[in-house]
Amino acid sequence: MTDADRRQNALEALRSFGIELPSWAFGNSGTRFKVFAQPGVPRDPFEKISDAAQVHRYTGAAPRVSLHIPWDLVDDFGKLAAHAADEGVRIGAINSNVFQDDDYKLGSLTHADPRVRAKAVAHHLQCLDVMRATGSQDLKIWLPDGLNYPGQDDIRGRQDRLAESLQQIYAALDPEHRIILEYKIFEPHFYTMDIPDWGTSLLHCLALGPQAMVVLDTGHHAPSTNIEFIVAQLLRVGRLGAFDFNSRFYADDDLMVGSADPFQLFRIMYEIVRADALRPDSGVNFMLDQCHNIEEKIPAQIRSVTNVQEATAKALLVDRDALHEAQRRGDVLGANAVLMDAYNTDVRPLLAELREGLGLAPDPHAAYAASGYARRIATERLGGAQAGWGA
Amino acid sequence: MTDADRRQNALEALRSFGIELPSWAFGNSGTRFKVFAQPGVPRDPFEKISDAAQVHRYTGAAPRVSLHIPWDLVDDFGKLAAHAADEGVRIGAINSNVFQDDDYKLGSLTHADPRVRAKAVAHHLQCLDVMRATGSQDLKIWLPDGLNYPGQDDIRGRQDRLAESLQQIYAALDPEHRIILEYKIFEPHFYTMDIPDWGTSLLHCLALGPQAMVVLDTGHHAPSTNIEFIVAQLLRVGRLGAFDFNSRFYADDDLMVGSADPFQLFRIMYEIVRADALRPDSGVNFMLDQCHNIEEKIPAQIRSVTNVQEATAKALLVDRDALHEAQRRGDVLGANAVLMDAYNTDVRPLLAELREGLGLAPDPHAAYAASGYARRIATERLGGAQAGWGA
Amino acid sequence: MTDADRRQNALEALRSFGIELPSWAFGNSGTRFKVFAQPGVPRDPFEKISDAAQVHRYTGAAPRVSLHIPWDLVDDFGKLAAHAADEGVRIGAINSNVFQDDDYKLGSLTHADPRVRAKAVAHHLQCLDVMRATGSQDLKIWLPDGLNYPGQDDIRGRQDRLAESLQQIYAALDPEHRIILEYKIFEPHFYTMDIPDWGTSLLHCLALGPQAMVVLDTGHHAPSTNIEFIVAQLLRVGRLGAFDFNSRFYADDDLMVGSADPFQLFRIMYEIVRADALRPDSGVNFMLDQCHNIEEKIPAQIRSVTNVQEATAKALLVDRDALHEAQRRGDVLGANAVLMDAYNTDVRPLLAELREGLGLAPDPHAAYAASGYARRIATERLGGAQAGWGA
Amino acid sequence: MTDADRRQNALEALRSFGIELPSWAFGNSGTRFKVFAQPGVPRDPFEKISDAAQVHRYTGAAPRVSLHIPWDLVDDFGKLAAHAADEGVRIGAINSNVFQDDDYKLGSLTHADPRVRAKAVAHHLQCLDVMRATGSQDLKIWLPDGLNYPGQDDIRGRQDRLAESLQQIYAALDPEHRIILEYKIFEPHFYTMDIPDWGTSLLHCLALGPQAMVVLDTGHHAPSTNIEFIVAQLLRVGRLGAFDFNSRFYADDDLMVGSADPFQLFRIMYEIVRADALRPDSGVNFMLDQCHNIEEKIPAQIRSVTNVQEATAKALLVDRDALHEAQRRGDVLGANAVLMDAYNTDVRPLLAELREGLGLAPDPHAAYAASGYARRIATERLGGAQAGWGA
């Protein structure tokens, strides 16, 4: 395959590559120390979706919006879905929330008290109803459960309770539904989490059945973990359900994806390309999960989408025949050089061409900035309570 | 020296060893995900001090309380100091706060805007006034300033601004005042902090003068950092001003000191003992800085104090002559064994004896539990707003 | 159950608790910078076993010795087994070695070249023959394969080749044989290992069948990994085959077990006790895998065995009824306190009693030191080549 | 300044930017598990210099070679320097070695025994003689001293001994000499190193005087350390003496610089450019320190040089006026975007132009491959012992 062929293939693959945005990225967020408010922040799920739609408007690559329940609860989800359609996007995954109710202080699906576990299961069944009302197919479970102190609860007993709780939720899935189950090494608990690693998430998915898949959040690992290895492994066993993309230098920093280690993002996307998992029917949902604590939210989401696109474009440009041949003959430096050649390519012109082919401005950042949207929402969204992690 | 001599020396040293408690440990705290309220939580600085005094009442080892400004601002600090005295304790270090004002979103003492820097400096001068009103001698500065993204601001320029701002504060110190300057590797910012490590804190202290000292928070280091080495080094150059004690498994978890790695705490306290820095006039302020997100606050502070006491008692029991002799002859296993012998000793009887000598119950946990105080505050403290990180 | 009952149970459980020693711990080891020789180091497998037997002689708790092939290849394994029996110990696990042949520079079981893979498989079949000749039942595979550079080889392809190679070895097992498969996050390769984590090892074991189990080396994880969680999880799914015990502060430091974080070791052993996996027929092989680079080897192994015994004794002393009750009622501090009570107990008297019950000296360190063995081997083992990682 | 101006400035700056190569990179290296030999590896310091000169021949950017004593001891250093000159390079820093003599098992400059300390000091005086014989000005001290076990020796006492030993070496410096003092978090010792961090190295340099500077090895930090912050800080206080460049994913992996995190290397070089420290008289010695365990050594050094050049070129292309302006107005995303624009630029054409301006082939990798040198040395260097870490 020639360079030109690879470039055409990349353009084609990118045309159908969509990234899902989180509704909560448009609300206020912060650290335990402070949440800084921003002008124009949405006050309800409708406004969040309008903001998310701006990202799609200028990138052409963000056609879906994840919801977070109860933050995004509305009386009429049909109306919300219609609003999304009007704005040119649709509802994606439904995220449950079992970390903001006082009952969940010591756990939810793993809690020692059966009453609390039943309540947490019921919340997930409610989320399934939201999925039915919105056409969503993915129930995303990030389990905040864990322990702060050795001895606080029984590590193994909590696994057994978790398995039982998940089974109850799984049993209520419709045939087209999936549970996508996230893992995280720490936070909000600091001795152990109940799903701290991909192995634990996968074991539960395997026990549940084919409609359960693992979610890989790029910020949820121990320092120095090789994430692309996990991507490759989960793809190999057919259980990579979704990404939560973001960046980290230290912990679950939730910075813009690609901002901390763009080379890592490229390597991750290369494993996706290598497994032919970029195509829309691969079963991998490419989602963002980020907090824009100090930067403007809509531009930050645009930047995140373009960062993923750039990493993906580079991954698509890898000369895989040359790579394979160098690997086959044990040419360490040669194989590495093939990969680096693609990484070192400036793909911004390619992406500009992609956008122009879609009838979009070549520079989505400039186009959004010129649109006046930021000023308009800052002016119009007065009164009401800004959305945040509590709503 | 015989075992019995070492035991007597330990008892004597422990009698005058006091740990300072943070007023904010008695208010509500949590993660960015959720702050769980607890019954009986104080509603003002007076009630915080009353709670802190309970810890001293049952341990005899927690005679001071740090304040946090503006959380602990009161109209009449003389009255607050008198209340403390009535409760048997006194006011310790004054902590400034430059992380909860909207102006500080991008920095305080390091902010690019001179107006914001001036405001932050002025806040510290206000803290000096509180020190004058309360008899406090330590101005503790934990600087939340930092960056989330590469390029966001100029790393080096911020150091220059920081040096200038600190100089302005230092110039306003009374002769008996100290600045104690904390460092932290990350949080609330995730690309770099402006004082990320002990080297940076020390450089600023050296530039300021003899009244500036480093604060070592045991939770503020990169994974696998050897903390006792830093303790030894700062003691060696005469610049260890204080500890913020707590425990971590991952990040700045703020768990109870001694709960995650009691052997590390012992090694830290051994360096203190080895440098004869346990005595009250050593210039080292032994403070707690913890968050009791899910556990009861007063009992958690009692446990923290007893954990420090146990580690200290073990450090005092090290047979330093035997240790020195084994080290001198290069007996790796023998030297290690001397240290471990002290660590493996059950010092709870020794501490019971210490307490009985002070006229206290041997078991402070049981004594507090039996006191009925928890029930009383849960009943009496109705109405008003519970204290937390915002107040 | 009373304290006295727990103490009796602990004594009984400890009487049948045996730890397996690695033959290579008695040979020279070091870092890439330098291997420091020690006087009296064994020159062949017979002398290694004699040294290992000393550890058992004074602890009564180290009845088996693992071999490492080809380092411990001898002409007549029947003779070696007889020698072990004469010394009062027996042969334990057989460790394969695919990291010291030039052919394995870029991999062994995962190598791109089928010839190299076949050679590596054949080496394991040779190890099975050693097992048949020695009565060993565990084939321990620590796979050094991995990559130093992104792109160097195909991450996923290597998993497929690994699965195929392992299948060939598994097919050759006798009914009483097990493959025990180790994982390691890094070293000797630095971009990724082919079995970097417990999830990967477990996936291969599950694919192989019931005779494949995971080996957990306590030094093979990313910083801040909660190891006892993994222990609990692997026990829960019935796939914890063995430990390689050692200590680390940073990487795979291979220090004496219990020397870096004795509280962690206690928590690990508590999960073992909690799962009733201490008993000899539990299927968990408790092995040491350490390097005594600068300390004397036999005393270091004795110290390691006593460290494991102390942690285990404490774990056995946990008041599990009280713990369960505190956990059930959500008493965070109370539950933690129950665990800490056991940890803070000085179990050295209990272990002295255990040894005396076995007809041994109460202090194995002193007894070995007094035996004159160290002087004897230093004098007698002159000439020949000291054993090390190359032999 | 226009883009074209920045490009011209970059070309000019790069023309005088030289990277120093380590002689030992051309010898065999490996891990504690295995050193794999390679064909054509040098057998003496003369051949090492010839190989290093190849790197300069094709990059025009590697004019100096560091030596390692005693590995590079020769009878006649004048002859070695003349050989270097003949090959178009010259001798750079002299590295001492206090980690391969049996006397140094428990330390060298910090050893408890004054005799061993004196021996280690004498070795450094010998290195000063080599500097006088070769015209070298930098005495590089990487101190392998440290402890494996708590209690093994006195942490603080070792600092005092270190200060005294260094003072003796410093006193013997000629006016044009410098001590450049490296730090490292761990390895070859695993409990603590005696110079584990930049703060410790700097404290010793400050105590010694103006001819002592810090060496920053990019692989010698705890996980998640922000290295460019340290670079900026050391430049700010005028004490950054040199880099040891290499890459790491986990520990001191010693991979090719720029291969693990090219964005980090760019950020480091940006701080250099920002401080105007790229110019030859800045006092910063840009050195490589790497191990090519599995890849060909000369091509790996060429790749490393070009990786540093690419990162530097990008750093030089940053639009600093635009960056400063965005930083000044608190435009987080805008400032980050200015930095990323430079990083995302493909600078390979710029570097090809640089080389052509120097009369070199545009692609040094291809030019070296075409030269036949690799085949020649593989054929000619038969017999003799290949150089490695022991020689």
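Labels A, B, C and D are assigned to the chains in the order they are written; within every chain, residues are numbered from 1.
Criterion: contacts are C-beta pairs under 8 Å (C-beta built on N, C-alpha and C of every residue); 3 or more make two chains touch, one makes a residue touch a chain.
To keep track of the chains, here are their UniProt names: A, B, C, D = L-rhamnose isomerase/sugar isomerase.
Predicted model, so just to flag it, every value in this text is computed and none were measured.
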{"item": "Chains in simultaneous contact with chain A and chain D", "value": "B, C"}
{"item": "Contact-richer chain pair [A-B vs B-C]", "value": "A-B"}
{"item": "Gap in Å, rounded to a whole number, between the CA centres of chain C and chain B", "value": "40"}
{"item": "Per-residue multi-chain contacts in chain A, two or more chains", "value": "106, 148-150, 185-186, 191, 223-224, 226, 249-250, 259, 263, 294-295, 332-333, 336-337"}
{"item": "Chain contact graph, described as a line, ring, star, complete graph or other shape", "value": "complete"}
{"item": "Chain A to chain C touching residues, read off their complex", "value": "106, 112-113, 148-156, 159-160, 185-186, 191-192, 196-200, 202-203, 221-226, 228-230, 232-233, 235-237, 263, 267, 271, 274-275, 323-324, 326-328, 330, 332-333, 335-340"}
{"item": "Interfacial residue positions of chain D with respect to chain A in the complex", "value": "223-224, 226, 249-250, 259-264, 294-296, 299-300, 303, 310, 332-333, 336-337, 343-346, 348, 365"}
{"item": "Sites on chain C touched by chain D in the complex", "value": "29-34, 36-37, 99-100, 102, 105-106, 144, 148-150, 185-188, 190-191, 223, 248-251, 253, 255-256, 259-260, 293-295, 389"}
